[in-house]
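Take a look at these structures.
Two complexes come next, and they have one chain in common, chain A, joined by chain B in the first and chain C in the second.
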Partner chain A sequence: MVTGYFRRAYSSFAAHVLDIPPRLLALLLFALLLSFPIVNPPRSILLILTTANLLAIFATSWDLLVGRTGQISLGHALFFGIGTYTTGLLFSHLNWPIWVTVPLSVLVGFLAALLIGFPCLRVKGHYLALVTMAFPIILIGLILYFKNITGGDAGIWNLPRLFPFLPYEQQYIAEYYLTLLLLFASGIILYKIANSKTGIVMVSILDDELASKASGINITKYKLMAFAISGLFASLAGSVNAHLLTLRVANIASLRLDLSFLVIVWTIFGGLGTIYGPIVGVYILQILDQYVLTKIVDVPAPWHYIIYSIIIIVFVIKWPRGLARFVTDKQEDLEEARDIDERGPKIWKRYKKKEKK
Partner chain B sequence: MHLLEVENLTKRFGGLKAVSNVSFHIDEGEIVGIIGPNGAGKTTLFHLISGFLKPDSGTMKFRGENITGLAPHKIANKGIARTFQVVRPFRHLPVIANVMVALKSPRGAKKIEWIKTFERKAIDMLENVGLTELMLEPAENVGHGDLKRLEMARALALEPDLLMLDEPFGGLNPLETDFLTKSIQRIHLDHPSRGIVIVEHKLYALMKIVKRVIVLHEGEKIAEGKPEEISKNKRVIEVYMGKAM
Partner chain C sequence: MIDAEIIKSIIIYGAMSGGVYALLALGFTLIYGVSDVINLAHGGLFMIGTYIFFVLATPYGGFQIELLWALIFAAILVAILGTAIFRLTVHPIIEDPLSVMVVTISIAIILQESMILRFGSGRQTVPSLAMGLATVWGVKVTYSSILAFAASLALFAILLTFVTKTKIGGAMRAISQDREVAMLMGINTERLYMLTMGISASLAAVAGILIVSSTTGVTYPQVWPQQLYMSFAIVILGGLGSIKGSLVGAFIISYVENTFVFAVDPIVARMLDMAEGGSLSGAVIMATMLLVILVRPKGLFGKRVELED
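After this line comes the complex of A and B, so read on.
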């Protein structure tokens, strides 16, 4: 009986939700998120979503580099951390205002990605993954060594707020809106890049470097470009994250290895190479991790991660192409079904198309 | 001045001489075939000319300019385009986007006539080889014969001065072979100054197109001349059929 209920729920979902064109669907979801503070949600959820917005920017930037260009980075937290530390250091030593330090740290992230890109892109595949993994570890070592500049283990505390002029309660909502708009803007920019002519060349590098070279493409240039764009958006997420209301700290947690690995989980869960997939992945998994498994069903610590992992594994096995791709695939199926009166094999479809011509 | 001039080209893999002391030249508007049994060094020669391998010794000149040891994409941008023996499409991209990659390269972008858009040019390139129907199909769904033609369209998008085809007829059925032969002949007529080099096993199809044949055997050039002469050449027959008892 339960399965019957689910099946009916799914078929009505397929008939009503999946029928909406993808662009409209994305806009609707954005409008939903935009109007979310109206229902006066508890502060904890708003905080989770604010962080999720920034992590989604971070995951999308990873997706452009790995899902589209095929340059595997296992140390993407490096750029997140560079963003965090640049804004932190500029504040603590020079006391510069926030609207200078955040853009500057984005610039530093961009330049750092270019600089690191040069040695990294001499190696390929697994070796590239290993080399990129080393960089955040090196940076953590440097930060711990130069204690008097970076604050060492404790980090830099009490960074300025994003909206100090607002009353305390409204700051949460303002931060939520700011990060949501940043996510929307960077999501659109990254999606446009990924689907531009440059994006086509990036996919050609993912598919076949040799053939790309033979077509006259300077692949180093494009790889560096992907690296730099990716570093730029990752450090944007990192620098804004350091100013969020609750913690406002730049410490080595922003460089930690599990952030580099979580981004892989989010992206593959949502759909590698889609750009919008990671956003879906971050939202669902962050809410699952931070809200459902902590606030609603409060499971003890070891079980928390066991349940969390099992859910991810089940989803990835069931939908290996990602949750977002599952929706778009279904939409294509529906279109196909509409194309042909009766659903038939693909050959049928091609045959029909030729007939129309 | 020759279009391409290769002098004493040598490439070793360990103790094996894949190409040894090969010299030849290709003129503008010429169609040249390179033949030889398996392992003769034909593909290695292609890799050397297009920059994927660096020669141990010898020089290559393209329009009088030394191109020995240049990076592959630089050589492609000078105007030497090639296809691969085993097809190498960009599988995630639609057929038309495969061609667009080449149009995005500096030379490809420069050669788009002012009256055309980027997309129009890409479609024209597919029209050259008769692939417009499959334009939007992802390359991973396209059959082998069509991919062979797609490779050629991608190479043509660079508007090369020298087109190098590595076994264009490999794995094609007689009908497709015939179609491709006609495509090559039409490309030759459209751009009379373009040089074309073809490496091939299927001698029957090849001999109909080419004006001159170079024969390689164990890395060395053993004969060169018109197709009729080559097919009577004793040494060539010996290499292909074995010695008379």
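After this line comes the complex of A and C, so read on.
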């Protein structure tokens, strides 16, 4: 009976994961990442990957909002920054422990996204994109103005560690695993949402808002839902990021324009609307940015950014649908070709027979 | 609390900066109106314009030609650069707004970093267009800001006439109203895009030179994000793609900014017992823009299309 259960579990696993190459790739990537600390990599790579895990959560949350409902947000760093600052402020003013501040900042991010989603319902397309850009600018202005509360330009330093009870060397590895698990969990949740009925309804809003309204879909609800879910995961990434080792700071870098734009770059690079694409995009581009261009090639800073930007421009022009889409398209092409090879001659024969008659 | 002096300076300074902001936003809104491209490199072109002006007009580059010629050369060079960038990078992906944003912001970063590479990240002094102070209605204003104000209004008027009266301008308006029909009527959209991009880029350069030389007098590689925000706020407030909107929006934004800086900020700072600083003015501008957008989702003069998109 036990073997039967295992066989059933395996066959369902095989059908849902192994038979679908992108999912298999994702699984392999996850296994690779999970076993990565075993080979005892240098700490710098581990730190890059730890940050990349959180940024990948951030990017997937953006992808759910934009790739599914088509509400382009150019100010997504707002939610990241809200997460960062909520946990920072709760710590510095109330001295609450980390396991209270992080969930609370996720909640605050969720509520803020709902609040901001409301006015954003009124605007569409390019207007929405540029309007969302305004929110982080407003928040940065307020943070810099109320210096005595927020710490102003310097920010809030010395936030508590995530794993203070572990020896210092092991904290890096523990943080790496924590962020990886968070990424895995939120990736699966977001993927499930995106491919559930809710996600399909969201895509219908992206495709034709008027038609989906006419079919009796409550557009307001779904748009707000996308905003809220997206804000929740973005603020999760932001709040955990504030507690990572080496910096442990909440400052306006988490709200800057760079982050809002990098998330678009990662997502477009990986594949918009795929949820798993942005994760791949974040890993590849972060490793390119932080490791290849700084540790291996070691070009001076201006050249670093120029090369990075040129790579992105060339990539976006060459493959505007992104890396993940490029791979799946190739795979579909192959399957189609195989199908034609198998089916083609038969049809041809039948056609010939008909002609003879 | 607020005396006549402050009100006078708000009115005068608001008008002065409104004029140059209008020029800055006009370039942004023109290229959007014609080709639907949100050109995030607009600020980058602004910055490049100021640097070319700096090289041509100061002893640094060894040219030191007359300021007017330097301005014209800078406008032409930036127009060529902008058109080349548009043709090479934006044109292949013009259908996809997100890719356009990614590409144009990358270009802005490339421009910024290449300036850091060549000139360093420090501040460079840009010569002022005219020396001396004038007193307008009891408020001291530099000649260069009066000149910038007059020049931008004149340029604005010229462009408005160009767009409304000439045949090419008519083609631009036709494209912005309905691209497919305009193409069917035999308008060469690609050439028109390039022309518009050239005009837009040169406007960015001229606006940049006028703004920088009449206000702070220095340029640096990271000067562009703030100008980009400013043109966003103006263009959204006035309505994307609307020329009239960019003029009205520029003056609204400029008056809001000046009112805040001269009247509100000192009072609030006194009330809250804090040092006054310009850090909130960006937030106030954005909040104004949001308020207008909440009442009129397509801006003041934006294209109002019901139901569809």
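Quick note on the criterion: the second predicted complex is superposed on the first by the 321 of 357 C-alpha atoms of A that agree within 3 Å, B and C clash if a C-alpha of one lies under 4 Å from a C-alpha of the other, contacts with A are read in each partner's own complex, and residues count from 1 in each chain.
Here is the rule we go by: a residue touches a chain if its C-beta (ideal position, glycine included) is under 8 Å from a C-beta of that chain, and two chains touch if they have at least 3 such contacts.
What you see is a predicted model, and the numbers here were worked out from it, not measured in a lab.
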Message: Output check: A:218 vs chain B and chain C. Expected answer is one of first, second, both, neither. What do you get?
response: first
Task: Once the structures are superposed on A, label A:207 by its partner contacts, choosing first (chain B), second (chain C), both or neither.
output: first
Message: Tell me the contact category for A:192 with respect to chain B and chain C: first, second, both or neither.
response: neither
Task: Tell me which of chain B and chain C touches more residues of chain A.
output: C
Message: According to the stated criteria, A:141 is in contact with first (chain B), second (chain C), both, or neither; which is it?
response: second
Message: With both complexes superposed on chain A, which partner does A:7 reach: first (chain B), second (chain C), both or neither?
response: neither
- request: Look at A:264 in the shared chain and tell me whether it touches chain B only, chain C only, both, or neither; answer first, second, both or neither.
  value: second
Message: Quick one: is A:295 in contact with chain B, with chain C, with both, or with neither? Answer first, second, both or neither.
response: neither
Message: From the superposed pair, tell me which chain A residues show up as contacts to chain B and also as contacts to chain C.
response: 210
Field: Contacting residues of chain B [partner chain A, same complex]
entry: 50, 52, 71-73, 76-77, 81-82, 84, 88-93, 97-98, 100-102, 104-108, 118, 133, 154-155, 157-158
Message: If we count contacts the way the header does, which residues on chain A are in touch with chain B in the complex?
response: 197-198, 200-201, 203-204, 206-208, 210-219, 273, 354
Query: Given the complex with chain C, which residues does chain A contribute to the contact?
result: 66, 72, 74, 119, 122-127, 129-131, 133-135, 137-142, 144-148, 210, 257, 261, 264-265, 268, 272, 301-303, 305-306, 309-310, 312-313, 316-317, 320
Query: Given the complex with chain A, which residues does chain C contribute to the contact?
result: 32, 36, 38, 89, 92-93, 96-99, 101-103, 105-107, 109-110, 112-114, 116-117, 225, 229, 232-233, 235-236, 240, 274, 277, 279-284, 286-287, 289-290, 293-294, 297-299, 302, 307-309
